[in-house]
Amino acid sequence: MNFNLTQIPDRTKKPRNHGLTMVMDKGLSLEEAKNFLSVASPHVDILKLGFGTSFVTPNLRQKIELYQSADIPVYFGGTLFEAFLIRNQFDDFVNVIKDYGIKHIEVSDGSITIPHAEKCGYIEKLSKIATVLSEVGSKDAEHIIPPYKWIELMNAELSAGATYVIAEARESGNVGIYRGTGEVREGLVQEILTKIPSEKIIWEAPQKAQQLYFLELIGCNVNLGNLAPHEVISLEAMRIGLRGDTFHLFLDKA
Amino acid sequence: MNFNLTQIPDRTKKPRNHGLTMVMDKGLSLEEAKNFLSVASPHVDILKLGFGTSFVTPNLRQKIELYQSADIPVYFGGTLFEAFLIRNQFDDFVNVIKDYGIKHIEVSDGSITIPHAEKCGYIEKLSKIATVLSEVGSKDAEHIIPPYKWIELMNAELSAGATYVIAEARESGNVGIYRGTGEVREGLVQEILTKIPSEKIIWEAPQKAQQLYFLELIGCNVNLGNLAPHEVISLEAMRIGLRGDTFHLFLDKA
Amino acid sequence: MNFNLTQIPDRTKKPRNHGLTMVMDKGLSLEEAKNFLSVASPHVDILKLGFGTSFVTPNLRQKIELYQSADIPVYFGGTLFEAFLIRNQFDDFVNVIKDYGIKHIEVSDGSITIPHAEKCGYIEKLSKIATVLSEVGSKDAEHIIPPYKWIELMNAELSAGATYVIAEARESGNVGIYRGTGEVREGLVQEILTKIPSEKIIWEAPQKAQQLYFLELIGCNVNLGNLAPHEVISLEAMRIGLRGDTFHLFLDKA
């Protein structure tokens, strides 16, 4: 950090196993990705190539290598996994993963419906070749999952081999753990936390008010996801109490 | 495309005469424009220098050449045309067009009121020196044009020599074919489509929900405009069913 | 400017003492800052490193030098000043300012409560080593300051040595001189202007509708702040009537 300030909360350091910031790249050019890394690299733990953007992005191989050479693991958005699956191309998916030297995989069912045992089967199988992040929650705003079910799903997926479970929000932050307005389903989140360790959950939280909620609830080292690349420095300042919203959060109450 | 996936709808290829993506540059630097092209070039068909930004942007000549050398035609936002016109500087406008080697022109009346025959006169005259895109719809939210009138205006402008008609939305997507909330005036759009071929219309659709509406209504090769540069890759993924919103749109119904 | 257009209002030229555009950088990389300057430099008068982002941004020294070498003064967001102050590290703050060669300082009390005489004491002291911009208004939406009090505070701070007073809005534009919806508190603004010269006030106005309000009220050379870097060219076009919103604002009424 650039200056000496007292009462700055302890952030975990890379490689972190919690306190993660997961960023969504939805089509940066190579040069933009380099610029992004030059300023944000110490604060980015994992990078998602959002939904199916990796299918249409030129220079995909170079971009993956660029991130990996900065020690930032890359994975394809779960929508791509689902796109292969619904086309009966699971083996092709595995080959793509291997071909691109990808070491992290998201297993999700946000757009498709599969029996949960089958989803856990994919988690188990893929966890043998990569670190698996599994996502819980539907992209369909009409499809409400009750809290006890979120807990059951998360537990089963962690047992099946997922290293983290991701709580769904979409890029816009208006489904899954949020209402259509972006407001946090607080009861849901708090009930989940009675049963699942917060270190194992990555909360998709693209909006500032959502990030603030989790910083207040869990602390500066909460795992947050779906950050836009240009928001990473702002989030890092906010995590340690150097933004108006969190200014008093970590100060000694004297 | 980077992988083999079945059931990907057929996108038209450049140079496209429909399936267009029109992007609004409202002040990119040369370097940013290069970065943008390096990732989005295959997916950008035409580029608008938004409203009067070309008046204040440094390196304008180089930027126009940069886009043109990537085979992407450039035009000035209609507001600039109107700014010359209201100052009785139409001839100056033509000279600027020639001086900068511009081959595409937008003729609009979003901020000014001119008799429609006069507007069509400009379209006719300018279509002799360039490809004309004419824009229908007012930037004034209070000025509601009934559907039959949209159709009359569009037909007359195409007859006068416009290659495409653009349906107005502004950069923010809240006038013209949209309500103040950004919601599509669906009845209007559907009535227009009974009389004007969709291939001839570029729908300004800066918001994701607006893009989705047109993809569902018209298909993956709908002409869409006013895209922000960094949204082009996302849109392309969405066009072919690789984003949650359009995931099921192009899959075989078995 | 790139073309000849009549009836373009007279913008002040750099170095301006009013007509200022103040930009908030909340974590640009060096390369991004260079790109930004290459297009926006003539239109940027002062640059704020937003809230505590300067604490976590790598290459801070080089970035400050980069802006300063383009004759754009840099200052730390007031939240950083307050973060030092609440930790009883005022002297450390002064040393940081000197160490980084900073010549502009924001003195604010948006997140902390200090007696106003004490705030004015800091303004007086710091104005001996730098140009002081002092900010009036709380980041706390519940904390409403009545108009006469805004005027008292602004007058006292200008008398204490502030070169400009900044009217608080946060990055999001929803506190201070705005309602939670972003709507301008028009009565407040107009009452302030009966007593404080508009040349001495920088209005934080991150939203387009807010910029428009001040352009209509005060004219093209109003001081505006908290602009996002990529909005500077758009704002400049809007300032001189080359955007739909301001198209008629500066035209001769014949």
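By written order: A, B and C. Residues from 1 in each chain.
Methods note: a residue touches a chain if its C-beta (ideal position, glycine included) is under 8 Å from a C-beta of that chain, and two chains touch if they have at least 3 such contacts.
Every value quoted in this text rests on a predicted model; they were computed, and no experiment measured them.
A rotation of 120 degrees, rounded to a multiple of 5, brings the CA atoms of chain A into register with those of chain C. Under half of the residue numbers found at the chain B and chain C interface occur in both copies, marking it as a different-residue contact.
Averaging C-alpha coordinates per chain places the centre of chain B 34 Å away from that of chain C.
Chain contacts: chain B has residues 31 touching two or more partner chains. The part of chain A that touches chain B in the complex is made up of residues 26-32, 50-60, 79-80, 82-84, 86-87, 89, 92, 96, 110-112, 139, 170, 172.
Across the complex, chain A meets chain C through its residues 1-7, 31, 34-36, 38-40, 42-43, 208, 230, 232-234, 236-237, 240-244, 247-248, 251.
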